[in-house]
Structure formats: structure tokens, C-alpha cells
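In what follows, structures are represented as C-alpha cells.
Note that chain A is present in both complexes that follow, paired respectively with chain B and with chain C.
This part shows the complex of A and B:
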């Protein structure tokens, strides 16, 4: 990658956000323009290091002349566009998206921003009824498109709740927390890893992230790069170390420090962030704005830290 | 990409089924020279390959899927994601024959529910099984079934009873698709003479290109060639042909936009996925006048500069598929398709692609993804199909009915064509009349006919009963009451009056109909057919169904008014923030029934 940008300078466009004229480079998204203006915009499926998939719809804004709301994270600004981020329609849709997600998925481990937005928009996920009980392991994986899987008890809100998938030593998949943001699929596929170990299977509410025939990871194409973990916004994909410590009640981010270093394994020079608690590495990430990694690593940088310490599985 | 396959191997039969489509497996040293773009282009064959496997075996095994992945260089997880997107594919072993029994709105009120109950009582017998199905596009012959039969041809049958089901599943079954001419107007010679789109139905042999030519076929293509591509598009534009697939977009504008794109190649697509509940017009046209579709698509290709056209046809339409396939082959033999169409030096050919049970694949961008071998998830627009359609190339996609209107436009000229209909809604329109009418079927009426007259043309409400409601435009449309019988069926009247013509559905319900039951079925439909990509629709359709079930049972969370407010909140986010038209209209019919008939206000129907 060249350190000096070689692309020609981009043309600038004028548009209006909430009545204020903004000037952005051609190709900038509405989200970029909003951020320039300091307008706080909720997002869930968007990530700086991935192609916008615009599936969650929590970032929607009103664009004059458009019949429906448009996703700020993916829609590029056009000259003269008049954008509103503060209308009742916008606030309603954002709140409802938060409520629909919150009522169907365990979002308790989503970012602090997400929790702040839920409060700011007064989202009340429980208005749809108490959540249904977790499904049996594998039940959701067998659901067949087009075949009706109706609510046995409509006074309870159907959820994706299900047991955690633990099928390898490095990370777990807790799809009861999956908001189906597609980020892990993108990271495993064309946006980073090109391994294609996981994809979306099924349809509608029964859609889920899956390997072929829902086989365990160890017989799938997975190479344990952990890039899916790095992009997962809700803790559905999690280092086993973190998962075990949370289960044991010892996970405590307030007691953690982050040390930046360069991965020692090869000559690429990926930047690592070592998350350390009680003098032990508990997980490894990479900054998403890093030129070398864009936040993505391989199995060695991500999980090969045991030689620094021996992590006991039963650490308490 | 380093393709990581599963270890499962195909059986000989599975290998044969896949090779039947893809050709024999190339020798090892031929394979190494392939890669990159060339293998990625194979991905479009994924859906046909899944069909070939499923048609032979009745399910998609790990070994079979693995073999497809190897042949097409597709990661197994992705192929599994595609296979599990479609209702017609099973990834678990199942009996070789599966009967899809329609329990959707037109059928459930005319014996469909009774049939389901009888089959439930019967129990399974091991060699075959059955499942409930959304609308099978045969509402005029309700109740309908579609028998998916591995190892032998699929059949769809109307007016079905348990005996029909037994006949379809019998090991020595000889039943074939009925292929009835369910367009009652054509039986009256005087009325027939006035028809433009249906005039050949039942009269001209659908398997003979000579018969088609003798009945005036291919005059329109000849005229198009005389006019040239620009002239043809001008004629379509002057005729103000508006799309019949639901969005009413001007076809001339669409074709012109594609023709002008410098990116190559261009594609044209005939959208024959017809899955909107209550719609069966495209099926009838393809079954009984398949050459008209072939000719019209050829004209579209000529006008837009496309050398390839696709017909994406609903998977549950075996007879239409067979007839259209045959028509394409005939046209090819007679030089109406191929490298030198009508010896006029332009190249055009048509390929048929079968859907596999997914309403959403009728949405144009979902259809592109499906054609490309991906999950049928709609894309965000922009970019629009005219600049970036199938394979990322400029694409003109049109509904079957839109396309066949091109023929009378070229035969009569724009002016002659516009002599019927209204100024803004020119020409005629196909209406699918079903439900409680005396003579259900496809009817052709000039734009501007009133809803009441359209119903009268089908003999009025069956048995002299009183009319309770009409579903106009399909499940994505809305219910209207008897007070709207004077509504004129044009694009402009619909827009102004807040109703929709949608795909031409006019489903009639008599005074004894339980509207609540219909509303629940529609809510279920949208829940089952949501692709699942975006939150408003994926979760909203579930919450909508739950709230309706609570209202029906009386066990509401809070008051009834709270539940209605909740439904409206969900409806608003689905309409405003969903990616595509499915989510945007998923609450329309439900909402119209509630507001028009006061369904849950205590007084309700």
C-alpha cells in the first residue's frame, strides 16, 4: 500500500443537512456528512473497515424527494441533496428498529453508544411482550425457508435465543446475540479474509449465520483468523477467553489495559492491541484505522499469544 | 480464494444429474488452466445446478452440494446459504414427491383448508409428503396443488381433492398439467375479436411457430426492425406504456436508458416470477401464447442492444416452463433467435431460468442476485438496473404483460394503441378475477373499466350473494369495500384514490367470508416470504403477525387500542425504512382491512 494517496483530488459537492449547507468530497456518504457536522447518528451494521451492507436501517435519514427513508451509511451525497436527520419520521423509524432488534436479540453486550442511543430514542423493546424461551440447540439451524414457523404463544415476542455454539478452543458463537448485521460474513469473505467459511442461510426471521449444513467450525473452511470476532458488534462472536471469564464472572473491562505492539510472527507488521487483565492477555484486536490491517489479523496474531503466558482454561 | 470443500462425495446418480447440466467433469489438466473470472462466471449456474440435483434426488445432500461446489468453484457455506433460501429445496432427506397444497387466500375459502384438513387426517405414507403453500398462481382453479416429483415431471393441478393428490403421487401416475384456457372472454367470438393480449389464447396452437406466424406472429418484430432501435423505443414511449409489474414505470424511458449506456453487454429480462398472491395472468399467457413472450423479449433485446435475454420463471410453473422452453427452441430453429435474427444481422438469444419458491425473487434486484447464483436478497437502489443490473451491467427488466403489450404497440402504432384506455393509462390491462365470482379467470379490459364492471364481466358474485370486500392489487395491495365498485381501474385513478392495481388482482369475497382469517394469512405470507435482510421487515413482519394473533385471541398486551397503535408503529417503520417493496407493503393489506372494515374495533366483521 502506498503511503501517498495517488488518486486525483475529489470534486466537492454542496448539500444541506438539517438546513445547514455542507461541503463534502464526491463519494462521501450521508453518514460522513453527518459526522462532519457533529450529528450523532446511530449505526449497527456499519463499520469503517467494511463495505456498507445497509441492512439494519437504524441510520436512516429523510432525503427530500425520496419516497422512503434512506440509509445514511451507504447512500452517497448528491449535489443539492436536502437531508434531514431530526424529523419525527426519522426518529420513529430509528426507535422502532432499536425496539425490533432489542425485542428479538440479546443486545446487552452491544457498544455503550448503542445503549445510549436506546435511551435517547426511548426505545422500549419489551412492548412486544416477554421474550420467548431459548430454542433447542440446532433447532434454528433446521428451519426451512417458506415453511411457517409460527408463534405458539403470541403474547411472547419471538427471539433468536439459543444455546451458545462451542466447538473449538479459540472462540464461541453465541447466535442468541446475533443481529444479522452481515459483518462477519463480509470479514470472512471479500472484505478481508476470502475464506467464505460462513454465510447467511435460511430466510426471513429464520435467517442465520451458518457454515455449510451447520457443521462445527473445525470441519468447516474456518482458518481461525478471528476477523469475524473483530467486527461483531454484539458479542455474538467472542474469544473463548472472554466467554469463559464472563461465565465465571471475572471479566472486568475496568481492570483491563490495552498495549499496542507489532505482531512478532512475520514481516507484514500488523499492529496488535493486547487487552490485558490481571497481567494476562485476554483478547487481541487491531485498530480498524491501521493502514496495514484495517483491523484484520490472522490466526497467529489473533490467537497466538499463549507463548507470552500460559492461559489456564480454569482461570478465575 | 482457496476453495475448502467438504469431504462428502456424490453418489453416481447425483454426479450424473449435475453433469447432465454442466457436462462431464473436465480432466484434471484441463481444469488447471481455468480460474479467476472464468470460474467466477460459473456461479450463475448454481441455481440451475441445484434444480438438477433436486429434480433427480428430491433433496440436496452434502455430497451432491459438494460436487456442485467443486464444479462451479463456489464455497460450500455460500452454496448452502443459497440452497436454504428457497422453499422448493430441501437440505434434509425427504420423500421424493412433495405436494405443495395452497392454503392461501383464494384457495382457503374454496376448499383449500378442507383439503389441508383431510390430508392432515390421512397422515404420511413414506413415499410422499405434503406441505402448505402460499398462492400457486392458479387461484382461478382453487384449490390448487403443485406436486414436486423427483425423477419425473412436476405437475400443478387445480380444483384439487384428496383424489387429485393421490393421482399425482401414485407411483404409476399419468396425470399431467391441465393447461385449461381460463380466460372466459375468448369463448365469445365477438368479445375475442376485440382483445389484444388474449386473442390467441385457446385458438392458436402454443407449440407451433407456424400457427403463431399464421395468426400474425412476428409482424411486430418485423416492424421493429423497419423502425430501427431508436424508432422502436420512440413508438413504445409515444404509446406511454407503463410497467404492469407493479411499479408503473414508463417502459420507453427504461429501454432508452439502457440503450444509451456505454457499458456492455446489455441484458434484457422477462420477469415471469409471478408470485403475488392472487396473480395468474402471466402464467396463462406463457402457457397458451408462449411465442408472444419470446417475440416481445426479442424486440426488447433489439431495441436496447442486448444480445442475451433471460426469462426468470416461477419454479412452480411446470407447464409454462415447458411451453416456453419449447417456443424458444422453435424460434431458434426458425432463425427468430440466434446469431442472425430474421436474417437481419442482429444476435439475440434467450435462456430460461427457474425460480425455486421465493416471492421476493420477483423483486427485480433480488431476481438479479438469484440469477447470479446468490441469495435472492434485494439490493439497495441506487444504482438502478438500467445502469447496474444483472452481472452489474445495464439491464431492462419487464413484466410478462408489459412485454406482450409491445406487440400491439408495434402492430397498431402508438396512436392506434392509445385509442383505448385513458390518456395516462393507455391500452388494455389483464385482470386476475378470483375468489367468489361466477367465472374466475384472466380478463382483458381497457384501462378505465370500473371495478364493478370488471366483477360483472366475470359473472358477478357467485350464487347471487352480497359482496363483502375485494382485494385489489394482491397481498401487496389492499382491501376495498362495496362502496368502491365505481372506482376506475387506471394508474391515475388508483393513485388519486389511494388504492393500487398492483399486478391486476381482483379477488372477490362474499358476505360470508371471514376477513380476519384472510388478514392473518396475509400477515403469515409476508413473514414467510421476507428475505430477512433488513430489520424492519425481518422482525416487523413477525411482530405484525403476533399482534394480530393477540387481537384475534383477545389476549392483548394492554388494550385493543394499544395493539392497534403498535401495529401502526410497526407498519410505519416497515413502509419507511425497509429496503424493498416487500417490507414497504407488508402492512398495506392488513392495514386497509383493519381501517376499512373496523376489524378489531369490537363491531368488526
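This part shows the complex of A and C:
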């Protein structure tokens, strides 16, 4: 009788990347092919544990015969496809994406790769001028369709800068750092959690991540699994512990260890990565390639660790 | 664990989470996995995204039921009736897997005869699930290519716990939904390492690796040789037996590790004095629990998940590594260190014992763990037992052997059907106690709250007695009003919370907040004689207003 079913064999396709013939299984993306070839491809909205959403366009490549540049993260390789990753057009487009994001959003907490790509593509977000002043709390949330920008000063760069939203004790939302990559929406929605507490509201430059009617989290559908934090690439969504330590100047990743263990609550067996500084857990993540979690946790696994360290607090 | 071990010889869930994603029909029976096992439910959601169907059997219309294609709002404690009715409908329509039943099972005739009386009409009458819904479930389950039944405490916290599990296993045997990829019978373990505890022999009748203390003299001899001590071939007591033995004065000393029975035991009014009256109560725990407060000796321990090294086993039989990330506070010590130190004081020097040493000894004595080295566990991110010469990489699913119809040696013992009889909850409803109270978990809390009280959850709301709007109206009580909740054993005060998940006659409380509301003063200690699990899921209560009517 049936043993473990083997997936139907996948056809191998030949294509060309930067003049080199590559052979990939049917269904592989251009990004997969590039990574196979060791071609460093910038990404922002892509994550291994989410469905590609094509929001940021920083991974675009040129495909011979295609009118537009195509996103490498989601476009699948076709037989005979000729792909170019290093043309002027590709470099120019990627640089512009980096500059537009960098000029309007605080990307200082993005990955070290992101900062390296800025340098490699000579991105100059400053060229649009000094950033405009931060908005008042809630100002962006109040903008509705039909809103027109005031009279923007053409010598200054429009930004999404705004105060941090702190409405619960578990995590903060710092939307001045939000590049609208949609990862949090995907993780809260059909890619993992199916809670649908957040979505993109507004259009154009007014687009922002929002709960329904921009209500505070505690009256939204949020169940505090923190899976949005787990996928956020820019630190817009952050553990309160990390946010508070950064504010106090005590956050120091060089002094942190990361230890993998298993969540002590129910019997599902989720693997946790405990980020520990000075013998205290400061953040909890899960490996995206873990078979049990795919990087996702529930409220207890992500935030329920305090009882362990509270013993220390009570003592002192 | 008892049910699965009885039928298949191994007390573990048969399937992997990955198979759940690739199943065609998932039945959550007495399980609110969306709240109690959220990341397991992610695997269910992937199946649903693929087009699989979800059937939820639960007296409450839970968060999980909201995702279901069908919700069977069964009357509390009628699971056997429902299973027998489904079986009868399958047999009456000749939908059983004839080849599997004939070649891989035993006792079918007697079983078929026992369910014959369970017509759809009778099933509806007893379970309160509409006949056409039972019919649809029977046909969907029998005809699915791959189907799983997953259960939790809604099945096992009854005085018929083992029979309930056997009733579900019967359905798997009848339809051949076991022993193959994507089909299976899976208990979702409510606590981290419940599976591992059983695997390691922390049950009254088994040595590590589910080797029977009485019936397996070879195994006993191997342990005797390794430990240099005779092992008495006698079954021990399970939890409920222990309380009975305390009552009789036979059990006078308890060494309690990481358990909080003062808060977690059913019928607390009866259980707590028994613990208080022990000659010796030693509690080894990480915080000052209510049980620790009445202990003679407290041994402060390090936290198993964050402050020590070792392994745990999850609900898919995956042995996983836990690693020390924090130094424990103060004088708290590792569990293994404490046990070894006790042994030293008793005259046995086990040397500088580590979790690794204990694991290596286990591998040498438990055949199902024989090839499972820490190296392999590290490399694979966990290994699913059995892992031995027959299954060198571990086993994704169990009991494939049953399908080896032509090879009796490989097939081994056939799986027997069990005749199980409908037996309503012990705590009967009456005019005086007309409302059925059931218990369960909330997403952000856990058991008696010892751990989850440590963090501030925006989801948390105070303990309450949850009632249907219809009952609240009939009783003349409103949201937030404090009422007196009484059972035949005790009474508590609690505020009312009106819940749309409940129908008239059904109430719900949790055990999470014993400091606010000691729900276990109400629950009944009636337990399954085989597993020792108390009937937390079915209490007869009444509700009385505390405030005088406003004229």
C-alpha cells in the first residue's frame, strides 16, 4: 500500500542567465536560478516563508522579448528564457527603488545586506532633498481617497515619518520605518495566521498598513501572534522589549546570543530562537525553514516567556 | 495514549504535520486547535487553502469551528454515540474499506453488530447533531482519499476517555484511514512533552519505549541488567489512583515535579486536604505554586525549556532538542542535578550526570529510540520515533505494516475493533443542576496560569462563567454580573460572560485563573479507570443570582 508519495518528477528547463546556460526544475523562479548561480540579487518584500507579492520591485531583471522588467522573486523560469541581471536598465531601476524607499522611509534598521546593496548600487536617497517634517500622530491614518498633498516643497523629500504607535505591552508599530512590503499583511492573512487584522489602506503615497478603521490593536482582530514582527524587514514592527532597550540605548546585538530550544507550552513542539542579552530574553523568533513552524509562532510562544525571568525580578 | 497503545501497540499519534497539509479531510474532534494548538492549526489552514475539508466536532462553536465546512455541536459526552452512528451509516451503505477490514483488522463482526442499533435517528436523538449532518460526515470520511481524525482533551477528559479514543480508532480501521500517508489518528498533546513523558515510561504500566512492565519479561530483564536492581513486575498508580490511595491512607509521601495539583485537580475541595494530610510532600518547581505553598520541602528547579539541556517529544512523535539559553536564578538547579543529588544522599553515586548521559542510556534500552543519536536529532532538527534498524531515518507515519496483507510476518498483530458503549457523563443533569458546564483553554493562557500569568496579554479578560444569551435571559442575569455557580461538590462566584459559541443549557469556564475563580471546586473527580483522566469536560451546575431583583 501507499508509502510516502513522491512528488511527480519535475521537468528540467534550460535557460540563460547573463549568457550562462542554467538548468532548473520547472516552477523555479528567476530568483532561484540567480541564487543557484551565486548571483547576488537585492530583495526587500521577498521572504522564503511567504508567497511573493511583487510589491517592492527591487529584484527586477530584464527578460529578452519582455516589454517591462520582471520581478525575479515571482516570475518562473521558462524554457529558453534569456535573463539579464546586470544591464544598465536593471541597475538603474533597482537603484531608483532603493533611493525612493530610502528617501521616504527610515530604513536604518533594515538588514546588513540592504545597506550593502545601497553602496553597491550607489543609491543616493539624499538627492531628493532634506526630509519633510514628521507628521502628527494619526495624521496619515486620517487621509482618505481624494486627499491631495498640500503644497510640497520640491526641494524636500516627502516622508512617512510619524510617531511610534504604542498601544499594548507586547509590540510597537513604528510606521515611519514601513516600506509597505506587505509581508505583515501576508503573514497575518492567507500565508500563515488567517487572522486578517491588518491590510493596506489608502492609495499612492498615502497607502499605509492599518487595522480596520485604524482602531488601536486592543480593539482590532489582532491575536498578538507577532508573526508580522517575524517577517518585518525594517524594524517597523518590533518587540516592546527591543523598542524600549533601543530607546534607552541598551540594545546591543554584539552582546546577544541566540539559542534554539522548544516552546514549553502546548505539545506542538515549535522551535524558538531565544535572543538573550545579559541573561534575559529580549526577543523570540523561529527559524523560517523549520518544519513545524515555518517561522511562525503563537502569542504564548512569542511573548509568554516572561514568567521565567520574572523569578529573577522578584528576587532582586 | 492507552487507546492507541491497546489497538496498535504504540501510544503515539500516527501522522506528521506535513501530512495534515496534504490530507483531504480533517476532523477535529473535541479539539479547539485554533486556540489550543495554534501552530498545528497553521498546517490545517494550509490544507484548507489546498481545498481540503474541515469538520469540527465540539459542543461549543469554537474559533476552530468557524473555519469548518461542518460543525457538529454535539451534546457533551455523547462522542461514542456519534462515532457509533457514523460507523453504522458507513456499514449500512457498504462504504467500509473491505480489503483493509478483512486483512488488517479483527473483531469486525462483533463491532458491526454492536453499532447496528445506532441509526441516524437514534444518533440525532442522543447527540443532538442533525441526522443529515451525521450522514454527510460518514460519507465524506469514508469516501475521502486521505482523512485524519485529530483529538484533544474534549475526547480524553471524560470518565470514558479510553473508550472515546477507541471509538475514533474504530472509524479509522473501518475506512482504512490509518497507516498510510495523509490518513491517520492523532491526539494533539496539550502540554509540551506529554508525549515524551509517556515515551520515557512516566506512565504506571510501561518502561521507557512503551515496554510493558508485566507482560514483557525480556524488556524487564534488560532494564534489570542495566540498572543492577530487580524490577517488580507490577503496575503502578495513575494520578486518580494516587488520590484514592491517599484517601485510603496507603499513599503517604509524594515527590511532585513540575505539577500543580492543588490548582489542577478536579474536585479541589476534596483533593487539596488529601495533599495537605500527606506525611511528606516534596515539590520541585520553578515558581512558588499553590502546591509548593503546602509542601514540606521545596526544591527550586531550573526551567526545562530555557535553562537546561535535554529533549522533548512533540505530537508528531518528533524528539527535539531543548537547549540552555539562560542561567537559572538563585539556588535553582537542573532537574537532573537534583535527582542525581538525591540519589547521592541515598547512597548511589551516579557521577556528574547530564541529559546526554540519560539519553544514551535510553537508547540502549528502548528499541524504538535505538538509532536516534543526539547528532541525528541536531542534523535533522528532530527525529520522529521509531528510529532503529528498520526505520533508520525515523518514521513519518506509523502502522504502514498493517497494509502488508501478503506478508504476515511484516504485518504483525492485526488491529482489533473495540466494542464501545455510549455512557453519559457521571454528573447527571437534574432539575437542581440543569446546566452542563464544560471547560477548556483560551488562546493566550495555559493550564493553571502559573506560566501565562507572567506576561501581560492584551487578549486576557477575567475568568467568567460563559453562558448562552438564552440562558442569561432565562436567569435574568447580564454581562459582567457576579453570580453563584454551584455543583454537587462546591460553589464559586464568577462574573457572567455571554458567549455566542454556546447554546442554551451549556456553560463554559477555564482553569486558567484559580486565584480569581477556583473552577475545580465544581468539577467532578470521576475518572476513566484505565487512563485516570478526570471528567473535567462535564459538570452539572446551577446558577443563582447574587443580587436581589431590582423591582
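Quick note on the criterion: the second predicted complex is superposed on the first by the 301 of 316 C-alpha atoms of A that agree within 3 Å, B and C clash if a C-alpha of one lies under 4 Å from a C-alpha of the other, contacts with A are read in each partner's own complex, and residues count from 1 in each chain.
We take it that a residue touches a chain if its C-beta (ideal position, glycine included) is under 8 Å from a C-beta of that chain, and two chains touch if they have at least 3 such contacts.
Computed from a predicted structure; not experimentally measured.
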(request) May I ask you to decide whether A:303 touches chain B, chain C, both, or neither, giving the answer as first, second, both or neither? (result) second
(message) Taking the superposition on A as described, I'd like to know which of chain B and chain C A:217 touches: first, second, both or neither.
(response) second
(request) Would you sort A:155 into first (chain B), second (chain C), both or neither based on which partner it touches? (result) first
(message) In the overlaid three-chain picture, which partner chain does A:58 touch, first (chain B) or second (chain C), both, or neither?
(response) first
(request) Please work out whether A:194 is in contact with chain B alone, chain C alone, both, or neither, and reply first, second, both or neither. (result) both
(message) A:178 in the overlay: touching chain B, chain C, both, or neither? Say first, second, both or neither.
(response) neither
(message) Under the stated touch criterion, which partner chain does A:267 make contact with: chain B (first), chain C (second), both, or neither?
(response) second
(request) Report, in rising order, the residues of chain A that make contact with chain B in one complex and with chain C in the other. (result) 194
(message) Give the list of chain C residues in touch with chain A in this complex.
(response) 17-18, 36-40, 42, 45, 49, 67, 179-181, 188-195, 286-287, 303-307, 312-316, 318, 320-327, 329-330, 332, 381-382, 396-397, 400, 403-404, 443-444, 446, 450-459
(message) Can you tell me which positions in chain A touch chain B when the two form their complex?
(response) 54-58, 60, 68-69, 71, 74-75, 89, 92-93, 96-97, 100-101, 103-104, 127-129, 142, 144-148, 150-151, 154-155, 157-158, 179-180, 194-207, 210-213, 215, 219-221
(request) Could you pull out which chain B residues touch chain A in their complex? (result) 1-2, 4, 6-7, 62, 65, 75-81, 84-87, 90-92, 131-132, 134, 357-358, 375, 380, 524, 527-536, 538-543, 545-547, 549-550, 553, 555, 557, 566, 569-570, 572-573, 575-579, 584
(request) Mind listing the chain A positions that touch chain C in their complex? (result) 1-5, 168-170, 190, 192-194, 217-218, 222-225, 257, 259-272, 274, 276, 279-281, 290-294, 296-301, 303-312, 315
